[in-house]
Amino acid sequence: MFELLKARLAHGYQAIPDPLRARIHPSFPGVPVFLRAHEADFSAAAALCPTQAIEGFSLDFGKCVFCGACQRNFPETFAFSPEFRMASDSRNGLVVQWDPAKQASSRPSVCPSSVLQQGFSRSFALRNVSAAGCNACELELGAASNVNFDMGRYGLEVVASPRHADALILTGPVSANMAFALEETWLAIPEPKVLILCGACAISGGLFAEEGALDRSWLTGQSAALFIPGCPAHPLSIIHGLMSLLGRVD
Amino acid sequence: MICCGLILLWLTLIPALFRRSALFTTMLCLASVCLAFGFGRVLFSSAPQICHLQLATLPLAIQFEVDALAAFFGCLFALGFPLGMLYGHFYLKAHPGEGAGSHLFWLGIMMISMFLVLLLRHILLFLLAWELMSLASFFAILFDRNNRQTRSNALYYFVMMHLGAAVLLCGFALLYLNTGSFSFRNLVFAGLAKWLLIIGFAFKAGFFPFYSWLPKAHPVAPSHLSGLMSGLMIKTGIFGIILVLFRSEWQAIELYILLAVSLITAFNGVIHALTETNLKRCLAYSSIENIGLIGVGLCFWQLGILFANPLMSALGLAGALLHTLFHSTFKPLLFYLSGNILLATHSLEIDSLGGLHKNLNYTSKLFLLGSLSISALPMFSGFISEFSILGAILLGFNSHSLASTLCSVVAGGVFAFVSALVLIAFTKLYSIVFSGEARSEAASKAKEHPLGLLLSPAILALLSLVLGLFGKLGLAFVSPLCITLGISQSQLVGLGGLLRGISLILVLLLLVSVILFLLKSRLVKHSRHSTWACGYFKGSPKLQYTGMAYINPLAYFLKPLLHSPKLHQEVQGYFPRELNYREELFDYLDKGLIASLCRWLGKFYGLFSGIQNGKTNSYITYLLLALLALLFWVLGVPR
Amino acid sequence: MDHDTQQRNPFIFTFPEPLPHAEFISRISELSSSGYSPLGFFGTPEREILCLMGKAQHVPILLRTAFPAGHCYPSLSVTIPAFHIFERELWEEHGITPEGHPWLKPLRYPAGSPTKMESYPFFSSPSQALHEVGVGPVHAGVIEPGHFRFICQGESIQHLEIQLGYQHRGLAKLMANGDLRSKINLSEAIAGDSAIGHGLAYCLATEALCGAEPGSALKTPRRLALELERIAMHLADLSALAGDIAYLSGQNFFAALRTTIINSSLAICGSRFGKRWLCPGGINYGLNKEQNKTLRTTLLTAEKQIELSAKAMFSSSGVLNRFDSTGCISRKTAQELNMTGITAKAAGLPVDVRADFPAFEEGIFQAEILASGDVYARAYLRYKEIRQSLQMIDFWLSTLPDVKAAAVPLAKPRPNLLALSLVEGWRGRIAHIVKTDQKGNTEFYRIIDPSLHNWFALALAVRNEGISDFPLCNKSFDLSYCGHDL
Amino acid sequence: MILNLFFMLVIPLLFVGIINKTKAIWAGRKGPSLLQPLFTFLKLLHKQEIHSLSSGHIFRWAPSLALTAVFFAALFVPFGSRQACFGFKGDFFLVMSLLALAKAVLVLAAMDTGSSFEGMGASREISFTAFLEPAFLLIIGSLAYAGGLERIGQLFYRHTVNIYNEWSVIIAVMTALALFIMLLVEGARVPFDDPATHLELTMIHEVMVLDTSGPNLALVHYASALKMQIYASLISYFLIPEGMGTLGITLVFLLGSFSLAVLAGLVESLMPRFRISRNLELVIIPLSVALLVLAALIVHNMGGF
């Protein structure tokens, strides 16, 4: 008992004060930023990119696995701002374009979901389906509700049964062997419900995009409400994305 | 009225002989109506009615005495028989057995004899009727007589009944020696006689050491019969016990013994009901448990008298009688429905059933009502009686002798434990048999039955629901008898007020929940999808809880009280080849005591087998020896 | 062993002559009777069966034979259970039937396999009193998919069978095609929770094939990364174990500690999982003086807190009650099933690549082991390993100069070689086996995650346990689904 | 009367909220707001329902009946005012049976889905009743023994803890202990069950409602919270000395309930849960405690010591 108390005292208060406005370490690769539109760099980077995320003067960070190859090799063209607010409510929102007018690149954004009316904003239950995820996104999703990030404080929780859930949050690039279970889970969630894609694999198939062992046919039929990029998606990104989906981010 | 009823009943035997089931049933109904009216009149006018019947051929005048006690049980029977026969008629149609011919006849005899038992107050005639009842029911049980199991179990029943009858005979003999009168209309039982009589009746009622025939007889009997037997016939035992209790002086210690026996009966009954895997046997054991509860009520009736606590005795007796009434509604109900299940699936092993709520829609709903009633849940009949009995028990807490307080405490604890176990047993029974998906081919192919097989169950279910909601009705039915058995009006009135209040609350409860449900189903959209199975492809019926699994946490505690030979082969090695698990929980009394008793008897008689050796000369020797012995005896007698 | 074999992990082999099948089998049997255990056993696209047998402090032995005639041969698993999973693999991938195999069932249902997932031949019992419980593939928590089929008698598990394959992404195939040197991201995705472990194994194998040798200045950060990952994941497991028994304190204390550890990894390479830290030939991100200092102080403070929390947890009677003698694995079982990692070490089997096949010459390593083989042992061993790793890291940091991101350039892989690299990931022995063809292109790339061996042991560990203790046992193994399914 | 109803509607979900907040504080996190259970309740009312294909009618009406039964049971228990809404001598058996009814229909609904998870939960949950019902009866019995057979509310309210009379203290302390354990069991809290766990195989109450969705789930949540609160109020009415003003009673009641919630939260923070196989053995504790109390009283009254 005495050890326990000592440990508790040393443990202290661990929760991040405000996950929505937290500062993150500068080395974190968040929203990609173009510093300049340099033809040669872009084409060279496109060749380097393991997921063909770069084409033309655009970078699709729904595909990007944030390996940082482009940044390391062409530091004066590519940069990743330490910005975790990177979720988007549309697939296209994840494509960073070079805007010649502003001489800068675009930013993703999320507008509140229309499917979820009142009542959901203060309480939102997630049902995770890990379909061939490498367990990194799963761990980060788990971390989102741990003592530090504590998304429970907003009434966001991961529930045991899809019957109790309001959203299906998918991680991983849906393998053929998981396709049935994924659809089954979606059907098991009562209306109103939304689909959330978490991580590059879920959004675009990531590194496995062209592999025959995948079966993303069901996914293409669905329209996801939220895309949370990252490899894996950072807990802060997940929390911020969900909160903005619920219209609780001003 | 009653006489003509009885005469009609006799006449029913004619169609019975000619196997005219329909006619038999209708006449039976007519007879029962007459009898019901007759008994009802007596009961509510509460003036004992005596009718002499002088038969020239017999040296003695047959005397029917219809007092309140007889009238009460008479009413029960008169209501129960037609319903039972109504079901039986259709059951026999659906399930013709070899014994069908004589079956009806024996049923008729059985019913008549049961009435006679109530009516006769002449020792010999009473015993005669009693004997007739056992005999008739024995032959009635022998319905599927080609089935070996049936034969042996029926025989077992027959033997047990005769043991009981023997004890009864001794009791009455003793009574006769003491009083010199063959009529026991108004004499006080005392001493050994009353104990012998109690034991004799206990055999019929199924009290603790003597119950072992029920779980044997019921499963093999056709369902309508098992319904009648456990719903009504065992009540003749209760009738006798009330008679004896009422007509004799009791010491506290004696009552404590009776109380202990009743509690043991209830407890023992329920733990077997909990662990049984055969539907009908489970119901039989639950009958034993109910008898135990009735016994508890009766004991507190007498204790109340002893401790001059009128409220306690009132609650005790009223509770016991109410439970008698309710039990003869929901127990036949459950037995009839188990008959329906048997007809539909040809199986009574609950672990092989399941999912019947789809195919046997009405049966399942009625069974649910029955289970809820027997689990003494509010809004259903069992609750009222147990409420009253428990009230009596709690009053015992505050009595002034340590012994009685302790007894009440123990009784209260056991009572609550038992009622909780009943709840578990019957939730198990319903949900394993009816809920979920079918566990066997037969269960999935089951078909719902024609109206006939559902009619009397429906009536009984309705009855037990109404009686449960409006406890006052039940009380009104039992109170005349209570009064004649020495309960003061005022106590009953108090209880009545209480019951009225309760039924008010319960009706309110029912309304609110129904409104809530309707509101919800009106406002909330719902869709249907397969049960959540973690996204796995298809469910298999194996992926459901079994009865054994359901009670597993408790079985761990009850094991010591049960005879459980493990027939179990665990998986071996990294890559197991097979896994077989069988576990049966037997009754110690049956498999342990009685079985070994029979063995010993067999051995004992074996000793004499040498005598009959088929040699003429040896027989002549016996003869000579006998003559010599006689000679010596004659000479030995002093002049 | 001929001269061309590299004597040290990562190992390089030239192909030996193919043996006749009978001799191949007999060699394997005699090797395993002399203390060797299979590191790999699989069929190649060249219609050959390769077998790598390894023994502590010995150079592994590579055996080779052509596919048996009639595509069937007497199963090894009958006598050496360690091979059962390999033979299932062989059967599924190449249709070669090991006759008499006691448990010949599909393993991971690769794309286009004839067998259907929904018709997996589960072991079952005719007894009516027994019921089955099917858990997964979609679990209640946030866990990878897998299907567990229990046969229970009430609350107690009679038998458990585990059906995997849901995570199959055809990863091995992706690793094999294209330039070997560009597969770092993919190798980190083999099992995201051991990105460093698999990444390092990949780097070692690749460098060995390309004949490159990163200097020791680059090696220490790699070992550091590996141990950091070990600490982080062990902390995660301790937290999860506490969570499974609703021990709130342990759950949150260790979770917070893990956060600090992986955040310091983020401070170095930008990924909380140490992704993109390593690259074939070197490291992408260096460790300068003040990074070194901050990391060191972080770890020192963390160490204190870990001490406290662990003391509290392992002295709580309630916790011990749940952990003690739950889900036991005997040393014998661990050995026979060729188990690796925490689970084996907790059963008293001292198998640890860092000691048996050291990839980094300096320093003598002594593996921590415990004997009892229950959940307690697995939990407590994690704590001991955390301490051990912390001490090592602290030592390295104290001696480490200012490290710049650097990588030796990689030539094209040398032709006709087979490289075997072994890494002790936090789960156990990770083996990567790469073979180059004449042109130096990758012929095949085999990945053998520790989970491949240990999953079956989990099924054995929970026999006759309460079914409600299964999650606890499962977490105490904490095996990888995607590492198994690939 | 009005006060009672008001508190019956408000407190139970708050009670759960406080437990969770306590746990969060111990864990060193911010944690969900006190009203989170209420928010979840309201949200669930906005959801649709999905009914299992294997399930029949019971699954649909069970939650409504269960909630109503618990609610009516609560009507016999004072919530903040001196008197309960209803009450008659010996009404405890009705309360007991109403709670049993609620449990029974929920169990039947769980079994109705034909899933081994629900079966597991149902069998675990229903097994508790076997030992809780006798315990409850004996607790009532001992109170009745001390103060005569009364309405359930009065039994507890009437029992004034007089520190100069060790017997009243014994009853109060031990009975409160027994009731608190029953609260933990019936409320499916640690160490008997873990509402926070996300593992079907280890849950008890949660896994029973694994298939229940939308408003039905909301009703079940509320019912179980109310059931917990019933025990909490009974305990807190011990602390109310007789002859206290209504305001005082209300205050003491609120204080008592909330401190019980905090206590439950602390238990969850400090204790790991038991093995399920051990649960039943430990559920016997209230029973034995109740028996002990009764024995002590009897001996005392019989002029022992």
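In this document, chain identifiers A, B, C and D correspond to the written order of the chains, with residue numbering beginning at 1 in each.
Note that in this section a residue touches a chain if its C-beta (ideal position, glycine included) is under 8 Å from a C-beta of that chain, and two chains touch if they have at least 3 such contacts.
Everything numeric here is computed off the predicted structure, so don't read it as measured data.
Comparing chain C-alpha centroids with the centroid of the full set of protein C-alpha atoms picks out D as the closest. Centres computed as Cα averages put chain B at a distance of 36 Å from chain D. Computed from the mean C-alpha positions, the centre of chain C lies at a distance of 47 Å from the centre of chain D. We define each chain's centre as the mean of its Cα atoms; on that basis chain A and chain C are separated by 28 Å. With centres taken as mean Cα positions, chain D sits 41 Å from chain A.
Listed for chain D are residues 26-29, 48-50, 116, 119-120, 123, 197-200, 210-211, 214, 270, 277, each touching two or more other chains.
Among the residues of chain A, those touching two or more other chains are numbered 4, 8, 11, 14, 129, 147-148, 158, 160-163, 180-181, 184-185, 188, 190-191. Contact with two or more other chains is made by residues 117-118, 131-135, 137-142, 145, 154-155, 249, 252, 256, 316 of chain C.
Judged by the touch criterion defined above, the protein chains are all mutually in contact, each touching every other.
Put simply, chain A touches chain B in their complex at residues 129, 161-163, 180-182, 184-185, 187-188, 190-191. Remark: chain C residues 81, 84, 102-103, 117-118, 123-139, 145, 147, 151-155, 158-159, 336-337, 456, 460, 463-464 touch chain B in the complex. Across the interface of their complex, chain D is touched by residues 131-135, 139-142, 154-155, 242-249, 251-252, 256, 316, 318-319, 321-322, 466-471 of chain C.
Per the touch definition, chain D reaches chain A in the complex via residues 24, 26-33, 36, 39-40, 42-43, 45-50, 197-200, 203, 206-207, 210-214, 217, 270. Residues 4, 8, 11-15, 117-120, 122-125, 147-148, 150, 152-153, 155, 158-161, 163-164, 166, 188, 190-192 of chain A touch chain D in their complex.
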